[in-house]
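Have a look at the structure below before the remarks.
Per-chain numbering from 1; labels A, B, C, D, E, F, G, H, I and J assigned in written order.
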Amino acid sequence: MSEKTNLLETFPNQYPNRDYRIVHEAPEFTSVCPKTGQPDFATMTLEYIPNELCIELKSLKIYYTSFRNDGIYYESVTNKILEDLIEVVKPRFMRITAEFNVRGGISSVIEAEYESPEFQAKLWKAE
Amino acid sequence: MSEKTNLLETFPNQYPNRDYRIVHEAPEFTSVCPKTGQPDFATMTLEYIPNELCIELKSLKIYYTSFRNDGIYYESVTNKILEDLIEVVKPRFMRITAEFNVRGGISSVIEAEYESPEFQAKLWKAE
Amino acid sequence: MSEKTNLLETFPNQYPNRDYRIVHEAPEFTSVCPKTGQPDFATMTLEYIPNELCIELKSLKIYYTSFRNDGIYYESVTNKILEDLIEVVKPRFMRITAEFNVRGGISSVIEAEYESPEFQAKLWKAE
Amino acid sequence: MSEKTNLLETFPNQYPNRDYRIVHEAPEFTSVCPKTGQPDFATMTLEYIPNELCIELKSLKIYYTSFRNDGIYYESVTNKILEDLIEVVKPRFMRITAEFNVRGGISSVIEAEYESPEFQAKLWKAE
Amino acid sequence: MSEKTNLLETFPNQYPNRDYRIVHEAPEFTSVCPKTGQPDFATMTLEYIPNELCIELKSLKIYYTSFRNDGIYYESVTNKILEDLIEVVKPRFMRITAEFNVRGGISSVIEAEYESPEFQAKLWKAE
Amino acid sequence: MSEKTNLLETFPNQYPNRDYRIVHEAPEFTSVCPKTGQPDFATMTLEYIPNELCIELKSLKIYYTSFRNDGIYYESVTNKILEDLIEVVKPRFMRITAEFNVRGGISSVIEAEYESPEFQAKLWKAE
Amino acid sequence: MSEKTNLLETFPNQYPNRDYRIVHEAPEFTSVCPKTGQPDFATMTLEYIPNELCIELKSLKIYYTSFRNDGIYYESVTNKILEDLIEVVKPRFMRITAEFNVRGGISSVIEAEYESPEFQAKLWKAE
Amino acid sequence: MSEKTNLLETFPNQYPNRDYRIVHEAPEFTSVCPKTGQPDFATMTLEYIPNELCIELKSLKIYYTSFRNDGIYYESVTNKILEDLIEVVKPRFMRITAEFNVRGGISSVIEAEYESPEFQAKLWKAE
Amino acid sequence: MSEKTNLLETFPNQYPNRDYRIVHEAPEFTSVCPKTGQPDFATMTLEYIPNELCIELKSLKIYYTSFRNDGIYYESVTNKILEDLIEVVKPRFMRITAEFNVRGGISSVIEAEYESPEFQAKLWKAE
Amino acid sequence: MSEKTNLLETFPNQYPNRDYRIVHEAPEFTSVCPKTGQPDFATMTLEYIPNELCIELKSLKIYYTSFRNDGIYYESVTNKILEDLIEVVKPRFMRITAEFNVRGGISSVIEAEYESPEFQAKLWKAE
């Protein structure tokens, strides 16, 4: 298990009977490029439908800040954050969108998402 | 029953045979964080399809203002407002979108919605 | 029949074999609040697919201007305009979107639409 | 056949096996109102999926410019341009969106589109 | 095989079990018009779902820069870039959107996309 | 004396020893064109440095609304409002900026200002 | 005297004792490039302080429209409009700003202004 | 002395030999209208040149929050904040700009500023 | 003398008695970084008051394009363009503003200007 | 002498006879709040008129990055950067503008500038 997940705290979802959407947009995410050692900057947007747990906002900030001096690629950090948050929050649905600043004249977005098996089954039934 | 619902007033929908959409956007919502005691600020957007009743606009403002000094979390206040309005307006469809200002470098959106059983049945039939 | 419909003029649709979309956006709509006597302001957007008739633009302006000193609620004026225009233009599809300026810190949108029975049948068949 | 179509030139589509989208946005379209004799101004957007032919860009400009002193209504000019371009380019799909400047406090959009019978059949099969 | 593809480098996708989206937006693309010899300018947006390989960002920049003094048409350069990238990256899905600056008062967008046979089959099954 | 000035109410300036700036921007001003009988629309911005009196905001709104059905030209209404407000508020400095919506493809701004003799003398001395 | 000046009409300035500013912004100006024969497009902004006369808005529109099929360079048309308007309106101050659309990847602005001798003398005295 | 000034904390200016500018923009200011009892909302911008003291940011927030349930007019609250801050920070220059949300279709700005006698003398000398 | 100046063409200023302003904004300037060999991109804005000569627009474009494959630093290219244009156009006043795209997370602007001795003398006299 | 100044590199100004302006805007500045240990984020804008030396862009980036894990207050970091750059670049004029992201609902700007004695003397003489 990723050590960083210890930083993440949750609280019980008070409205588990309803599928509702929570979005946290963090424009101050920064990590380090493993190749050049230079800092990368991104807006990290987390969107999810909670099941039993919601993510505590301050702990999310501390979790994001823990990447500040880590050397990690765009694709890896986006997928890792998704996996850490799935592990801790066990959501019905979750999507991470990481919008990285211009490097070499090119800006990049990485977007990964997850649906729990139960949520997928429910969507099948509804169609 | 929530005492706050007494603040909400309605008037009869003059066009009940048509499904039409009403949106009220209120950028001046404010409540208090129960943890820190500091004020929170949000744009609260209500969207609904009326059945027999429409919400009276001034009473909606007074209802929103009643949260001004209440300590309540993002997720709770959004769902509570949805439930209060469902109880009073009994709409065919209703959605609350609460866009909260930046706290700790992170801005948040909570969005919850409701469809009446009759409205869902009608959608089934139309497909 | 609403007397205001006499203000609306039409001309023959030269391309009745094609379903095409016409939009007229009028940001200078104003009427009067029946409760307070104070003026209301809205951007009134008309979107439709013509059948045999198109609405003449200058007559639409005169029709809108006729509400200038009428006391009428948001929901009523939007639905009334839709009904008047359906009666005169007999469109395949029509939608009115009324975006009202801020009152008491809240801005409002009312949106109502119509599909002719023939247009609905055609959509059924196409699916 | 419309004489204006002589102004339009094409070149062979080098990638006919792929359905791809081409958009040309022309914010400098102008014609004359047949009623008032005053000039009208529009942004004319052409979107299409080529079959065997692509439209040559400079000839499109010359074609648009040929309307400069013609008296023609919004609905007519939009549909006429669509028909001229279908005749010359024989596309799989084509859409014209004409956004006209404010007249009498009202701005207007006319949007018409076309699908070739073969393209429609392919869409049916895919569903 | 296009010689330019030698410029493109890849690295293994660490998350092949998940369909996730990568976007690289490059607002500094420039080539030369084969007709006039004058430079063209575009924002080139690459969007893809990786299979086994991801495109290395710096090599993508060098690849784009290699077009700097090439005479090539809008439609050709967009489709060629798509084909080169498919050949090297072998993605599940890929889309190129090229937004060219105003020439003769007209701006243009060319957009082409690709789905691998396996990805299409998966989409069929899911429906 | 203009009858409309009776609509304007004032309250004592609590900080007469300081030159400070007050701005009221009213985007919902409307009057009628004396030539065509059609309504005109403007954003009316009042900026002033109070002397002994401040303008009461609600009375300003009622004053503006009194022009709703008056036939009056752009230049006249702007200068008249300035003169009415000077008469009632007796400010040190005052400026009216009226931004009128597009008519015949042309939007217009009329801007007039006033400095009291005492204020001018003070500026002289300061230079 | 330029024949076009016959198109321009004026009305008496009702407030000649006050130096106030009038701005008319016309985003639909078009003329023809004398070199290429292709149309040019500009936003033509007229700003002036009236003396005895104000320019009548509709005649200004007709005057601008008279350039529609004239072949004339950017610098010439801007200075000519300024001179025509000075001749007819005899203003205290006048400025023409012509913002031309992109040609060959370059957009252009030409700005010329005039102060009457009396206005200059007054400014001298005030300093 | 105003009791609220007890909420304001300062720290020593480390660079008193240089005139430099500090701006704090607070878009979440809210107080209550003494007339209607309804909440007012403003963006409160503080700009100053420190002398010996700088304002501590968190205490400024707490100070602003103390107005949350106070009934106070636009003009009064702006001038009072300026006076409280002058008293505590003793700046060389200070300006408060309060931008209030729309009420009755009108938005308002109140702007007041202060220069210390020493700062004014220095400006005289420099001219 | 710089060889590039041969590319620049002029035409006689038809209004030499008036000081008027000409601006040409070119968002498609590109050269090459002499250090990295990678292309640089800038918006190059030329602003001048002509004396006897105006710069011909198409030759300006060709002149800018001649830098396309030159290795030259930000500061040098901006000053060189100013000097070349002064030499050819002999203006009363001229300013070059070069806004370079982000490199290493930093965007840059270089701005240099020139006044002819006669123009400076005239300004002295006017003060 | 500050150790960080060793990171800054310069190159000779090739145009020392002309006063021209250089601006470098860096939206990715980050340091750490000494009180809370949480990261701060700013856009750091450097504007200067070079004398004998220009700042090398890449070294400026490395210099800014060196603050990444330093605990330092808004006012201190802005003034320190100004002093370091004056020491190394010895400019005629220099200004640092640091725009910090929202903390506790308040965003902040710190702006400090410097003029060399020679530059001030020249300005005196010119007036």
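Basically, contacts are C-beta pairs under 8 Å (C-beta built on N, C-alpha and C of every residue); 3 or more make two chains touch, one makes a residue touch a chain.
Here the structure is a predicted model, which means the values were calculated and not measured.
If you take subunit B and subunit F together, the chains in touch with both are C, H.
Fewest steps needed to get from subunit F to subunit I, stepping only to touching chains, is 2. Look at the CA centroids: the one farthest from the centroid of subunit A belongs to G. By residue number, the contact pairs of B-H overlap by more than half with those of exactly one pair in H-J, A-J or D-E, and this pair is A-J. With centres taken as mean Cα positions, subunit J sits 39 Å from subunit E. One inter-chain figure worth recording: subunit E and subunit G are separated by 48 Å, centre to centre, where each centre is the mean of the chain's CA atoms. Between the Cα centres of subunit A and subunit D there is a gap of 44 Å. Across the assembly, subunit D contributes 27-28, 38, 41, 61, 101, 104-105 as residues in contact with two or more other chains. Inter-chain contacts occur between A-B, A-E, A-I, A-J, B-C, B-H, B-J, C-D, C-F, C-H, D-E, D-F, D-G, E-G, E-I, F-G, F-H, G-I, H-J, I-J. Subunit C contributes residues 13-15, 18, 20-28, 50, 54, 57-58, 60-61 to its touches with subunit D in the complex. Here subunit D touches subunit G in the complex through residues 27-28, 30, 38-39, 41, 61, 65, 68-69, 101, going by the rule given at the top. Within the complex formed with subunit B, the residues of subunit J that make contact are 38, 41, 101-102, 104-105. Touching subunit E in their complex are the following residues of subunit A: 74-76, 78-79, 103-114.
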